[in-house]
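The following pair of complexes shares a single chain, subunit A, combined with subunit B in the former and subunit C in the latter.
The block that comes next holds the complex of A and B.
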């Protein structure tokens, strides 16, 4: 009676073939979406890496061989100090000695100082990585043809000096230490503010609020909408409230900090906390809602109070999801530039942040600043700073993922 | 002596009196009176949607979590109305434990599953002993004693359900409510739970909802039969000793149901 699925019967079913064909078509479409994403990512990485290394052509303002009879590397600390003192003005020496007297420094540090202050190599041209690799000989010939004294070297802009140096108006000596520390400070303070408040709000909305009340539905709608508000708007809010209105608090004046204004890490972190709060709340709510009701019932059935149920069962179960959501929020915050510009991040600052009341700059601010400079070598350090930003983002996410896995190990 | 014991036995431990159960405007269960005898197994049977679970949950105020739920009448536990305003439902749930349809152990270790309820209820004393004693009572000790630190989710369905029973026992309740505790289990695990219920009924009062009539007939002392009337509200048709209800039902609807002529 029933037809056996013979091969011939199958072949004679054009409808089935059409169904499979449609399925394959969709699958191809979905693969293309992934391919598109991969291409975009590859282009981004290529572009950044291409700019962050390459051939650099420089010419010295002063020939180092004219400074002393012997090569500088063979001179003692005392002789090097002497060279510095005789070639630089007293005021300049004073400025330098603010960070430590010359005699107290090592030979390597003094050599660096001489290079930076007296020899002053100027960038003539800077080439991207792949261009340099392909046309190295032409570039060398061309550069030497224009300027026989030119020094041509391979330069990887993202190096230890770049990480540990402070800002400089010369791209060769500029570093991201201040900006990196500023970003880390900023993110740490905003997480400390936003995470507990966000999770608390999510717990209230999911576990305590009565959805039949209109006010709670209005609160929910508003939080959903706040997540989509452009970040510049938060910046203006932060400027009005934290920088201006609460200036005695955010500048630290009431805590005895002298001469401060409201443009501090605290103001920026509070603004950033406001910015990521809706995202944290929504994701935490999502995670809490995903806790099976059977788990809650089991706890209530044993005579647990609502809070015991939340603390011992709902939160631990929801924590991986809450952390995932918070990672997303923090990733957004670390790259935010607009609100920081508005609340007054400094663009040129050489002092490390030393507390929540200090002035600051942040990585995206530096990157933005450097890309707007006309000299091409600043684009190289901007690319290097982007790599620093990406790497710090990756390592922060890695920590968060480790935390998440620790919570979800059962 | 004999008379006092008898009398004690006939004083209900928990009793629904003129009780109506509502979800919003919908009357889920119409007026019913149910006197539950201590240290007996009382089964509640009936077709799907007749409000068996709602009735069971009204005995330890688990319906409180349904915002639209309302109860008229009273439920007396040791002659105290548990729906009186001064009664704390959290306290009631500590006295009247619950085992659910689907095994729902906490995603923690076996030990923690048993110990947690006792700990949050402020039970002091040797926790290791308590865990061992309750796991023995739940006939699970021999199977898990070497792996108390293992996740409860690594157990089989039947073992998980017995762990849930052990978890309920650790809080030292007087009554255990069971909401179709075997419906997600295979026949062998089901038999084990039934044996366990029989052993537990020496010390505990058990009320079990089941849609399995054989189970009610096998495992219970008293049976209440619920069904739906014309406006879809649950009603209690008959409540009697299990042996009587299954052999000589007084109501035609009960007879139809137990002989399989209904739904």
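The block that comes next holds the complex of A and C.
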């Protein structure tokens, strides 16, 4: 299509140049809208990465050189254990030994323990990545000028320790292990409940329901509306029904679990299942609708019953689409925070979840909790936790795309 | 297993009943059970809605039934301080409206602009690259946007307007970031509506000598208007129900203020704060989150219904 103004058209319309100028102006405006979105995305990612690494200035509470005559790194396991025992109270040692006796640990683990329990480096200042890169020497001079004993080091907050450590009130030793396990548990349980029901409902609506019946139209409208209900409303529903009304069930008391309350993984997972159900249903419906009706007619023609047709022909054909949609629903659930806060996620837990009746925390809950702390180092670990969250979302979406590509080739 | 049984059953029945002409009359109990089970799956959603209305309604009634609370005061008073028995919901509603308005100032024009660009101007290839990138914005969890608001947008606003003017927690920062979050929703829904406008309408416009912008503005956008309005309404509903951004960045403490630089707690922010603390069941505080939750549910329900009606309208015309 060539819409360059023709000579005769120019003559016909004296305002043609002005009209084209206006058109170009608006076009610039429209492309600026796109640009705005791209810049916002870039700023968001930049901000998170910027805060997830940088120079960290700490000061030791106890100088490590006063603990022993030789540098600590040269000491044996026995000597290190001795240092720990002579510097910490018996109760403290007992608490630590609950996770394994001191003598049975490696030298590296003991050194870390001494650092955490005795040396206790406190954060004086924490700098962002790009700030640190640009002004490294000034930052170092300034920090040493204020406190000659200060320890200045490069810190990448997202590291292996961060993934494997349990929570701590000191940001330097805090990790997301419990939160990550909690999130995985939660997602696994909620998808186990939501997937069969969601696919069942989609099959019913697409293959069985007679749209002339009012009840079926109500179900459809209702599902569409539920998809738009704010997630916090599901949280309140979960609080009222699963946490309070069904407390004997969700706390596991009727299964013989001791002294729990309803604020368990099970309650949260049920709430989350209700939340993702409409999304799963709508996506599965679309996948089933895309199955060509010739497939069904062929099966019926060979004498198959309705369910045989669905189970052997419609579902296998629609399954990639259903799975893709479900993965997208799950990736929405992973980031949900508000309903979990309302149903009572704990913010400080150091024990791994060990079943559906245990108390729990989740990755977004930790991000929320750490972001609300005033200290800058908690912002750093919140950024690191955000990176963990975004990377897991990214990998789930990648799986969904791969799945779609693999099956759409058929 | 179910499937095996069925196949066996079907095979068994065939042996017993050679009269093939009557096959359709045979009662198929397995099929009926499956049909019933699938219907129950569909009905779970109805139960969810009923559960929401029943539970929220019940607790909300308890709230309005308690002696400190009067419905008229709830709707008209401008102080929300449960500790001294003042339950006026207006500060919370006001803060919700303010963050929503700021979000819409960003999301509606920019989202529509992006949709027009993608649907009317961009080549197929540009569109195929830009659209998924914009959709990344929609996939980022809202708690991350809350972090972004608090650690990026607020310092930025304080840099522009002065730290003395702008409080650390403020409704403007939360609203603007919320706008960024909702932008892809507006753009993808509006784009769907724009692309549904038949090509023949555009061709007609060009034939009459319209420039591309004129055809877009005077023909395509009006033709897709119901879909665009539907997108706008869904966006408003989303902004009203959005929780984590306002919980992190808008402040925790009800305040009746129209100053965008001041902290003010929204309805959703209040629910998060109260339920995140140590709850004592059956106190007016606790019951109040149900009353506010119900209000939230009803507002978003109405907006969603209106939006669906409008979408149905343009689908009816063009599809």
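In this section, the second predicted complex is superposed on the first by the 358 of 410 C-alpha atoms of A that agree within 3 Å, B and C clash if a C-alpha of one lies under 4 Å from a C-alpha of the other, contacts with A are read in each partner's own complex, and residues count from 1 in each chain.
Note that a contact is a pair of C-beta atoms (placed from the backbone, for glycine too) under 8 Å apart; a residue touches a chain by one contact, two chains touch by 3 or more.
Just so it is clear, the structure is predicted and the values come from calculations on it, not from any experiment.
Undergrad: Going by the touch definition up top, name the partner, subunit B or subunit C, that contacts more of subunit A.
TA: Comparing subunit B with subunit C, the partner touching more subunit A residues is C.
Undergrad: With both complexes superposed on chain A, which partner does A:119 reach: first (subunit B), second (subunit C), both or neither?
TA: neither
Undergrad: Thinking of the overlay built on chain A, is A:308 touched by subunit B (first), by subunit C (second), by both, or by neither?
TA: both
Undergrad: Check the residue A:83 against both partner chains and state whether it touches subunit B (first), subunit C (second), both, or neither.
TA: Neither partner.
Undergrad: A:152 contacts which: subunit B (first), subunit C (second), both, neither?
TA: neither
Undergrad: Figure out whether A:186 sits in contact with subunit B (first) or subunit C (second), or with both, or with neither.
TA: neither
Undergrad: Is A:300 touching the first partner subunit B, the second partner subunit C, both, or neither of them?
TA: first
Undergrad: Using the superposition on chain A described above, determine whether A:102 touches subunit B (first), subunit C (second), both, or neither.
TA: After superposing on A, A:102 lies clear of both subunit B and subunit C.
Undergrad: By the touch definition above, which subunit A residues appear in both interfaces, subunit B in one complex and subunit C in the other?
TA: Correct list for subunit A: 303, 305, 308, 312.
Undergrad: Sort out for me which residues of subunit B touch subunit A in the complex.
TA: Touch list, subunit B to subunit A: 60, 62, 65, 67, 90-91, 93-95, 97-100, 102, 104-108, 116-117, 120-121, 151, 153, 164, 167-168, 171.
Undergrad: Quick check: in the complex, which residue numbers of subunit A touch subunit B?
TA: Contacts found on subunit A: 210, 212, 292, 294-305, 308, 312-313, 317, 410.
Undergrad: What does subunit A use to touch subunit C in their complex?
TA: Within the complex, subunit A contacts subunit C at residues 1, 3, 9, 12-13, 19-20, 22-23, 26-27, 29-34, 36-38, 40-41, 43-44, 47-48, 51, 196-198, 200-201, 203-205, 208-209, 216, 218-219, 221-226, 228-233, 235-237, 239-241, 244, 274, 277-278, 281, 303, 305-308, 311-312, 331-332, 334-338, 341-342, 344, 364, 367-368, 371-372, 379, 382-383, 386, 389-390, 393, 397.
Undergrad: In the complex, go through subunit C and note every residue touching subunit A.
TA: 3, 6-7, 10, 23, 28, 30-31, 34-35, 37-46, 48-49, 51-52, 55-56, 59, 109-114, 116-118, 120-121, 130, 133-134, 136-137, 139-148, 150-152, 180, 183-184, 187, 206, 209, 211-214, 217, 234, 237-238, 240-244, 247-248, 268, 271-272, 275-276, 281, 289-290, 293, 296-297, 300-301, 304-305, 307-308
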